[in-house]
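Two complexes come next, and they have one chain in common, chain A, joined by chain B in the first and chain C in the second.
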Partner chain A sequence: MILPIGPIHPGLKEPVRLKLKTQGEKVINAEIDFGYVHRGIERVIEGKTWQKGIYLSERVCGICSYIHTQTFAETFEKIAGERVPLRAQYLRSLTNELDRIQSHFIANSTYFKAIEHETLFMYMLHLREPIMDAIELLTGNRVNMGWNVVGGVRMDAEEKHLNSIYQIITNLEKEYDKYVEMFEEGPLLALRSKDVGKMSKKDAIKGRAVGPIGRGSGLKHDVREEHHTYKDEFDWKVIWRKEGDNFARTMNRFDEITESIKIIKQIIENIPSGDVRKKITIPAGYADWRNEAPRGELAYMAETNGNLIQNISIRTPSIMNIDVCGKYMLQDVATVADAVATYASVDPCVACAERVIILNEKGEKTEFDGLHKVKYLQ
Partner chain B sequence: MLDALKDVVRKSSIHVCLINTGGCNGCDIEVVALLSPRYDLEQYGIYVHNNPREADVLLITGAVCEQWKENLQRIYSKAPEPKVVVAIGNCPLTGDVFNQEGSSVYAPVSDFIPVDAEIPGCPPRPAEILAAILAVGPDAIAAKGREKP
Partner chain C sequence: MPMSSVIWYLYEFARKSWAESFAIAKTNAEIVETPERFRDFPQVFPEYCIACGACIAACPAPHAIKLIRSEDNTEEEGRTYPVINNRGCIRCGFCAEVCPTDPKTLTCGENHLIREDFTILPTEKMFVIDDYLCIRCKKCVKACQVEGAIVEEDNKIVIDQSKCIACGDCLDSCPVKGAIKGIYIDHVQEQKDIIKIIVNSLEESIEAKRDDISHLLDDEVYRFDFDIGDLVDRARSILSDDDIILDIFQKITDRLKLRIVTWDDEKCNRCQLCVNECPSGAITYNEEEDVVIRDAEKCLRCSICYQTCPFGVAGYYVARFLLDPLSLDTGVIHVTVKPSQLPIGAD
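Entry: the complex of A and B
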């Protein structure tokens, strides 16, 4: 029997359609259908200046909106061959880590909601709110921050605000372990999480899983290792686990929050003084840049003629992660409830994943068969 | 007498369905933030259920995308009367930054279904969303309920 779930469903936060092939209660395999939030952002950005493009790139995804602007800005800085001042690099990393913490909290809370553990769901949202305060204190907005520009950040952070953020982070650190322990040692939570939705390392490589999903399956890969600020300035390590089940993915996110707290403390303790923005002249050229978004590797490829953006291509981590979820995790899952929980554990962000729809002349969705046949809809 | 009783009951039990018609998720996570202990949506009798067949209030976020042109009307008709539609954020009102040449959005949402309340902002703060639901929800549902034969 084919069991359709979505696009609007109590278990899903975003419009996506899961088609589960079931045999009784057992899920044999699954298919995931997209196309409900395609807005055509890449097409809109083309032919605009970066000042107009950066706001659009921010609205690719509302949960990890920060990293999109940083990657966009760093792509254009790479075309110019320049790096931003050190204080701006520190402030960027600070916002990035705060954004990662809040994103991981909301991902884990969604997972706990999916396995019907209301208590931890509430605790996660409760821990998230002070982080949102910290982001608002620093940038002035809760979700779409408008914080990055090509050449640095929009405004400087005051000493008292940095101190308040340090206080918020210290408070979080104090009570954080209690909640992690609740998950790690809860017997019922383990029953719902351990050995559910397993993906081996081989499958993770084959399906190109990234971020906490790949790292939960033993793929030690974090693009922050290659980023100049993280490589040179901070002391941190990549979190990874071997199990490859729902428990490993959730635990991986918990441990990454601990690591982010460590980085934020280093940033606020060692932040240098100086400019936060410098003038950068962008020549004609092409560049690509990768950054570690909360969900994994985010890549921007952009081409400009010095003034207008000629071509831009955005690859978000959710595309690969949702794909491996359908292909490898949702095979022979014991129950439908576990299938929904597995889908939630992947931390799917559908708004991220909706880049392209391929239509034929009649306006029907078709398979992609070669770039030469593609024409833009006018 | 029975109507008056129904009004009282309905005022303090509102089921909400969140429909993302193609936004960036920003408004959706602000609705999720409303569930947190700080804002605590449920103390006002509001329950986010995400099931259109049980909903009193439909929260619409996002500019209307290709697939939603027909489906939005279908979901709206599935919600039982009386119902209220609240549009959250700039996207359902104007299409926000997406409403430009070359994009595939069909904002505003009021072209497809009647909208009772509009909350501008990108995204609006959680407290504003809560205030709008409370301002328009209970009274409108009670009033619309009375009109029915």
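Entry: the complex of A and C
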């Protein structure tokens, strides 16, 4: 039989529809439907000035909102052919890593909720709270920070702020291993996580999995390796695993938090002094830029006439990750409960993933000229 | 109600600790402390506002800021100042960043990098409403960001230039092409010169094709393309700003309707009806040579001679224009000439 979960369901945080084809308790395959929360942010941004666009791009995602502003800013800095001052690059990386830590904590806590381990779920949120305080201390707000602008960042961090962030990070590091060990060595947790929702490396490449989901299946790919700040300034390594099951994805996120803590310590120890913002004049042009969001590779393509944004296209990582979840992970899962846990383990962010590409009847990408010409395919 | 619960209630409310905690209960604001760099809704100090509208032009959220003007009283004029709508505000603090006054009218958050060289001011345009084309739908009044900048006076919609901040929202909202015009304030004389050049050369080009036009039937139209390359070069020698030149070209081709009067001497029977009718005295009768002469310089193109003449000496045509594509380099003006539909012959 076909077991529908959603679009409105107490187990799902965001509206999406899981259609599980079951045989008794066993899930044979699954299908995931989108289209319930499309907001058309790109359309709203088009025709506005680039100074305004950055605040709207922040609203694409509700959890990893920071990286959207950084990618937006770096896309327009690429059009201008300039780079921001080094201190601003350091501060951007600092916020990016803090944001990654809190996003991974919330992703793992959601997974623990899905496998009914409420204790770890609470512990994860408890660990996340000081990180949110650190973000608020640095930028002024918890989620929608409004901290990046094209040309740098809007506020300078003082010595005392950096010191208290360092304090928060060292406190986290002290007790962090205890919680990771709880997950890594707990026998019941292993029973629910290991060998569940397996995806091979071949499938991950075929389905274009990115971020911790791809890296959990042995796909060693992190866009931060190509980013100029991370490449030149910091000493770090890409975390990846071979197993490709729920355990590997969750552990991959835990290990990435450790790596982020390492980067944050380097940033605060070596941060250079200087200006945090410079004036940038944007010429007419087109550019694209990719960055590593907590969930994977995020791409922005933007076209401007120097003042207004004429065209913008955003590709978020969740699109590919939710897609591979439906295609390859939810095949022959033992129980329905495991299927839901597998869905939670890919860290789905549905509001991010609701983007639109306009295709013509032959399946080629075309320009959008008016809603009246669009036909919705069944 | 059973007796036991009454006793329980009495016992519960008579507790000493309950009374104590009730007396020293704290409000929410006392318990929660605001973080140091927390960015709340913007604070407004109306006394510093100069009503430049930079905050409105910069705000990324719709309907978050509105400029409001308080009423005049006997002591001083009403003051214009921004008001923040907390439902629309996204607390980005961009308005505080762009505010050009010193001290700031708007402040938002602490330690913001607020510097003069990052401010953005509105465009250098003036917006006027063409009363002839306006249909009084009042969409611009609703769209206007400033209270009282667009008002209805004597059944006309008027923009109050002292309040307008030149944001251009009215232009976007207007359903009639050309009813609201954005005019560049600078280089007015140069703009006039360019307009003269364009109109004159368009008229000359149509006059040159008189032979083709004069054979047109009532329901026929004559089309030809006019290359603007030469005109653009001449306009650029007067004014170097391409944006303004393109704006002028667009407005002319949208709005201009040229009337052409042709004169066929061979059909004339010297009845002299038109000489008396002509309002500007452009048509005269020369008695010595027995000929009626039309002076094109004085002619108003009012079409009265065309309507009066019983022999069809005067021809009357209307030309319209379209610039496509909208660009100075590749653009071509498409000219459409069609005969007038006015009744002919004196009544």
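Just so we're on the same page, the second predicted complex is superposed on the first by the 356 of 378 C-alpha atoms of A that agree within 3 Å, B and C clash if a C-alpha of one lies under 4 Å from a C-alpha of the other, contacts with A are read in each partner's own complex, and residues count from 1 in each chain.
We take it that contacts are C-beta pairs under 8 Å (C-beta built on N, C-alpha and C of every residue); 3 or more make two chains touch, one makes a residue touch a chain.
Values in this document were obtained by computation on a predicted structure and should not be read as measured data.
Asks: Would you mind checking whether chain B and chain C clash or fit side by side on chain A after the superposition?
Replies: With chain A aligned, chain B clears chain C, so fit.
Asks: Per the contact definition in the header, classify A:P4: touching chain B only (first), chain C only (second), both, or neither.
Replies: neither
Asks: Pick one for A:G81: touches chain B only (first), chain C only (second), both, or neither.
Replies: It touches nothing on chain B or chain C.
Asks: Is A:G306 touching the first partner chain B, the second partner chain C, both, or neither of them?
Replies: neither
Asks: Examine A:Y55 and indicate which partner it touches, taking first as chain B and second as chain C; both and neither are also allowed.
Replies: Touch status of A:Y55: both partners.
Asks: Please work out whether A:N144 is in contact with chain B alone, chain C alone, both, or neither, and reply first, second, both or neither.
Replies: A:N144 contacts both chain B and chain C.
Asks: With the two complexes overlaid on chain A, check the angle at chain A between chain B and chain C, Cα centres, nearest 10°.
Replies: About 70 degrees between chain B and chain C, seen from chain A.
Asks: Between chain B (first) and chain C (second), which, if any, makes contact with A:M155: first, second, both or neither?
Replies: Second partner only.
Asks: Is A:R43 in contact with chain B, with chain C, with both, or with neither (first, second, both, neither)?
Replies: The answer is first: A:R43 touches chain B but not chain C.
Asks: Go through the superposed model and pick first if A:P15 touches only chain B, second if only chain C, both, or neither.
Replies: Only chain B; A:P15 stays clear of chain C.
Asks: Just checking: does A:V276 make contact with chain B only, chain C only, both, or neither of them? Give me first, second, both or neither.
Replies: The answer is second: A:V276 touches chain C but not chain B.
Asks: Counting residues of chain A touched by each partner, does chain B or chain C come out ahead?
Replies: Looking at chain B versus chain C, the one contacting more residues of chain A is B.
Asks: After the superposition, what is the least C-alpha distance between chain B and chain C in whole angstrom?
Replies: Distance of closest C-alpha approach: 5 Å.
Asks: Kindly list the residues of chain A that each of chain B and chain C touches, one partner per complex.
Replies: In chain A, residues 55-56, 59, 144 are touched by chain B and also by chain C.
Asks: Touching residues of chain A toward chain B in the complex: what are they?
Replies: So the residues of chain A touching chain B come out as 7-15, 35-41, 43-44, 46, 55-56, 59-63, 65, 106, 109, 122, 125-126, 128-129, 132, 142-144, 349-351, 357, 376-377.
Asks: Flag every residue of chain C that touches chain A in the complex, lowest number first.
Replies: The touching residues are 35-39, 58-61, 90-94, 97, 109-113, 117-118, 120.
Asks: Which bits of chain B are touching chain A when the two form their complex?
Replies: So the residues of chain B in touch with chain A come to 17-30, 32-33, 35-38, 49-52, 62-63, 65-68, 71, 75, 96-98, 100-105, 122-123, 125.
Asks: In their shared complex, at which residues does chain A touch chain C?
Replies: Going by the criterion above, the answer is residues 48-49, 51-53, 55-56, 59, 133, 136-141, 144, 146, 153-156, 158, 161, 276-277, 279.
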